[in-house]
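Provided herewith is a single structure, encoded as structure tokens, for subsequent inquiry.
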Amino acid sequence: MRPNNRPNDQLRDISLTTGVNPHAEGSCLIKFGLTEVLCTASVQEKVPQWLKNKGQGWITAEYGMLPRATADRKDREATKGKQEGRTLEIQRLVGRSLRSVCDLKAIDGLTIWLDCDVLVADGGTRTAAITGAYVALALALAELNRKKRLKGAVLRDRVAAISCGVMEHGVVLDMDYTEDSSALADANFVMAGNGDWIELQMSAEQKPISGHDFARMQEMASRGIMELFSLQARALELAS
Amino acid sequence: MRPNNRPNDQLRDISLTTGVNPHAEGSCLIKFGLTEVLCTASVQEKVPQWLKNKGQGWITAEYGMLPRATADRKDREATKGKQEGRTLEIQRLVGRSLRSVCDLKAIDGLTIWLDCDVLVADGGTRTAAITGAYVALALALAELNRKKRLKGAVLRDRVAAISCGVMEHGVVLDMDYTEDSSALADANFVMAGNGDWIELQMSAEQKPISGHDFARMQEMASRGIMELFSLQARALELAS
Amino acid sequence: MRPNNRPNDQLRDISLTTGVNPHAEGSCLIKFGLTEVLCTASVQEKVPQWLKNKGQGWITAEYGMLPRATADRKDREATKGKQEGRTLEIQRLVGRSLRSVCDLKAIDGLTIWLDCDVLVADGGTRTAAITGAYVALALALAELNRKKRLKGAVLRDRVAAISCGVMEHGVVLDMDYTEDSSALADANFVMAGNGDWIELQMSAEQKPISGHDFARMQEMASRGIMELFSLQARALELAS
Amino acid sequence: MRPNNRPNDQLRDISLTTGVNPHAEGSCLIKFGLTEVLCTASVQEKVPQWLKNKGQGWITAEYGMLPRATADRKDREATKGKQEGRTLEIQRLVGRSLRSVCDLKAIDGLTIWLDCDVLVADGGTRTAAITGAYVALALALAELNRKKRLKGAVLRDRVAAISCGVMEHGVVLDMDYTEDSSALADANFVMAGNGDWIELQMSAEQKPISGHDFARMQEMASRGIMELFSLQARALELAS
Amino acid sequence: MRPNNRPNDQLRDISLTTGVNPHAEGSCLIKFGLTEVLCTASVQEKVPQWLKNKGQGWITAEYGMLPRATADRKDREATKGKQEGRTLEIQRLVGRSLRSVCDLKAIDGLTIWLDCDVLVADGGTRTAAITGAYVALALALAELNRKKRLKGAVLRDRVAAISCGVMEHGVVLDMDYTEDSSALADANFVMAGNGDWIELQMSAEQKPISGHDFARMQEMASRGIMELFSLQARALELAS
Amino acid sequence: MRPNNRPNDQLRDISLTTGVNPHAEGSCLIKFGLTEVLCTASVQEKVPQWLKNKGQGWITAEYGMLPRATADRKDREATKGKQEGRTLEIQRLVGRSLRSVCDLKAIDGLTIWLDCDVLVADGGTRTAAITGAYVALALALAELNRKKRLKGAVLRDRVAAISCGVMEHGVVLDMDYTEDSSALADANFVMAGNGDWIELQMSAEQKPISGHDFARMQEMASRGIMELFSLQARALELAS
């Protein structure tokens, strides 16, 4: 029923490759099927103006897509002179998600930029971005730790994210672009390592959905994210 | 425990006043406690470029805040030269929410603009905007119906929205600004008249929350929105 | 001959309501017929960069219109990414007019922002803005005085403003939008309490006008503004 | 009392040179003392979108200053990415002033752009711009007439403009920059050849002024503009 | 003397990988040492407005850098709201270079976008972009040819590019970032397959250079580009 | 064969007039045939942020064209809200060219702005801008020297620039706009007084050119620039 006969609750092929950028303190190229997102973590030796002398650092994210990441070429945001609402929404989501498991006091004086750039888009770019940005961030923090630049443990837990959708034939996990386009509703789930929720976003522009269907999505997402945690752990082990 | 000893599951004082703009096809001034949002529905005799000859109309929303809507004056977006990410996020949410219960084919050739302008902000502006925009839209559609401009019924259901939060002392309904600032997590719920969900957005930047707490929020929001449906109905009756 | 048989030298129904914004140091909702402008005065504890250490404070104004303030919806300036020339012209006029009767040394260290937002436009929005901003400013200054934040008297005089036009049937006072659209020339007058002129702006795009007609406009405006001074005084008394 | 002992009612040395731009349909370099404004009139074979099929053409003006036109260098508007409020105000004034004496039906299908670029600024740039733009426009219209491109007479009258100020020592005509900086009030007058007023703008940011002083300014401006009409006429004769 | 004891006239390790983007009509990931540029060619079924009905198509290029492509993170151009002068300069160069060997009449009705996005920057990004864009373009044209969409041969010749620099120790080929930073002068050379020059750009901000040194650069560049032609040919063979 | 039977290696009539701006520290109006560029040098008593406390000053250039400088009126960059790529490219070239012969340590604490504004464009505006900006800069430096504001000699050499083109009938010097439009290739040469090259830019969008033709252009440009050096010297003598 799904492309490639993938069962409803199965993730696409997923891979995480670290160390892909020779300049960045942490980097990870993550693939969810055809989707490819290049995530880098960059350490900057200062904090935003509004955090001066507040005893804490900052973690922020930016998101972008190469013009031909999509099936049809899209105009470059730098050429149009502004970022779209969708872009701003996604990068705010990525930043909030990662900050929710960090102790910002331990990086006092530093800003960590998480850049998530989509090389190829085929659905699920924001969940890939969060999952990959976690790995890039963990690598950058390990590097800062080696240099004795941290004032304590930063990461309180892990973070990963996955999408679910409601289609005519039921609830499905990790939709590709074609599925996403015909879904009645779609949702993005961001979970911490302890199983608690960091962000839930469900949008049913086509047709409102029942509480029962939403509960089914939560359950399926929870299991998918557990698999992502394993893949993140393996990538970090290989990198160390 | 809450300001004014309001019980955890109680809405603030809410009022809806229709016909507040002499030019607009539909208008509603909605108040949630101190929060005031002026909602207008404006009918335009054309559709966006990308909907030309597609056999359907369009409904879109814009959101703004007067500079002194907030406790401290904020710079005017028109002066800064761009809308903030938060503004874009909210107006996309309002537009999607209202479109989810409309048959756009019945307004072929027309665009309806829903402008939600915050005169006073004290928490809950986006949920007030959705709830008030529904009333303005219903009035504009009634007007179009009287003029025989519709190709069928447009509204398939009602829409209203409310916020919930998780605070140290438990889950609460319809937070004001002070509560919102100290909440561990906050969520916005948009529901259709049949009890199905249109949008769910939960964000736990302070601390991830359990599935149990989220379920409690859903339940509380559901009951709060039922009350809003009654208030909307009464306002529309008075206007007719 | 005029709408509602209003005599040529008569103002529309005018009302001023104070205290309409719970956050602002001063606020006034002013109506000239259908026209409604919400004026707030906001005190900020700093001065612009170029006034640092000059021994004086600053008073500045901003003007905006809600998209459906007008008979046909206009695009939002925040969406277009810039303020129109007309908007800039009006807010510069409002700022200059109010500063002309103030001793800025007495508010050293402070900036007062006068925001004039048009909820409904039906002609005369800039003169309503000046007249209402004066009331909001006077209230904010009274508040600052109560808190002993002033270094002396700030207001040296009152300010109010009205429009006049030359129509085929003669000179008229306080035009509504329909009249304004067919006038040969229109003018805006800003007067101090002592009868001296603060700003005069006459524009005759349709047809140049004689010195005699302009003198008649000055005279009519002068009497109209006297009435506005009484209404301002009453509103301020009620607020105190 | 004035710089160079100039009497209060005397203009600075004024010169108008035509034909200074080999591409433009009409051009005039105008000097008021040190102030130099280069005015060109450019004919374009189309009308703005909103005038399509309305049976009339359009005349519009743009104003700019070279960065070092002023005593201290100012940032280039093209670099800052927007035109200042002052610039927009002036170019709207120039455009309205010239349109007020033109029959736009006679240039149906055409737009005439009046570009007024300040090479050196020493006060009075907007009045020099109006006075010089009239000459550039008249030359372009003569050229169009020779080519049989007009549908009738365009110019119904002449236009010129001058500034006046109120200083401690009385009312003065045609202020330079130093005088302008210390004036209590300043005004700009735009007059038609028949002595009627096209635009009057008086601004008294320092101190409101009496009706008597304003009448004195009108009278002095009127006589100054008569002299400008002679100088315009001579420049046009020489060019023909 | 050079990093890694590279001889003055030797290129860095260079690789070209085709087919790296599943959506694009042509794509090539090109590496010059650490520098990595992702080049895609996208076919669009229309021409720019100004080429409508002129009997020819268009080829244009855009250039961008990921924020952490550089050793220190740079602000994203999409966030800053505009492309830098350097970016515009490079993308104009890439577009002109590729157009110089194409017959645009043979792609009448089509625009081909060449997007060159720098994943890692270590000097020579513009020359890598031109060299890689040629391969992406050739692949897209082959694809169009298979679909019988061309009106004749498009490519009249090959194109590749390389940089040279003058350093204290002599003229060198293909500088990395460290070398570039200390060069007295640097130049970029774009050559056609027949050995003729398409673009030459030499800039000596540190110290003017002699005609003799420039001749030496031309000669060295010429030989380097010959090697690039071989590598391009091999990559295209492997892709076919 | 060329317009006015000008020999291939002959410059157009060239004139340089100094002191044309009463405010600027240095100014020069330069004409190459019909082309006219107004160059001013403005001294500012501070350095850019990134040069604070680096022991050196800065020299930078800006370039602009009046809207009707060209045969067809072009939109004003200030109105469009941004500078074109061509403009940025030219002003970067002018700035680099002049800096290449200056000792910036000798103007520590100062920025010199070179504004090159094109009053009339007929080909060669960038080379006229460089040649004229040198004169304006030399005058401003002489003025600073008189005021004892320099920490040593600033100018190490002279700078001037000229264009060459390859046309069907051969290589030509100093093309006007008509020639430029039909050239197969065009190049701009910036030379120091000692005959060394500061910038070389050759672009062959129409057809790649041989090394032989490029050598011929270098030679012809070299001789043309020698003549410009004489004209600069004479203008500076007259001004002293």
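Read from first to last, the chains carry the letters A, B, C, D, E and F; within each, the first residue is number 1.
By definition in this document, contacts are C-beta pairs under 8 Å (C-beta built on N, C-alpha and C of every residue); 3 or more make two chains touch, one makes a residue touch a chain.
In this text, all values refer to a predicted model and were calculated from it rather than measured experimentally.
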Could you give the fewest steps needed to travel from chain B to chain D through chains in contact? 2
Any chain that touches chain E and chain D: F
State the chain with the largest centre-to-centre distance from chain A, centres being mean CA positions. D
Cα-centroid distance, chain C relative to chain D, in whole angstrom: 28
Inter-chain centre distance, chain B versus chain C - centres from mean C-alpha coordinates, in Å: 33
In whole angstrom, the CA-centroid distance of chain C from chain F equals 51
Chain centre separation (chain C, chain E; CA means) in Å: 59
Could you list the positions in chain C whose residues touch two or more of the other chains? 81-82
Please categorise the chain-chain contact pattern as a line, ring, star, complete graph or other. ring
Following the ring of touching chains out of chain B and into chain C yields B, C, D, F, E, A
Interface with chain F, chain D side, in the complex: residues 21-24, 27, 34, 38, 40, 42, 44, 62, 64, 66-71, 73, 76-79, 81-83, 87, 113, 115, 117, 119-120
Residues of chain D touching chain C in the complex: 82, 85, 88-89, 91-92, 96, 99-101, 157, 187, 191-192, 194-211, 214, 218
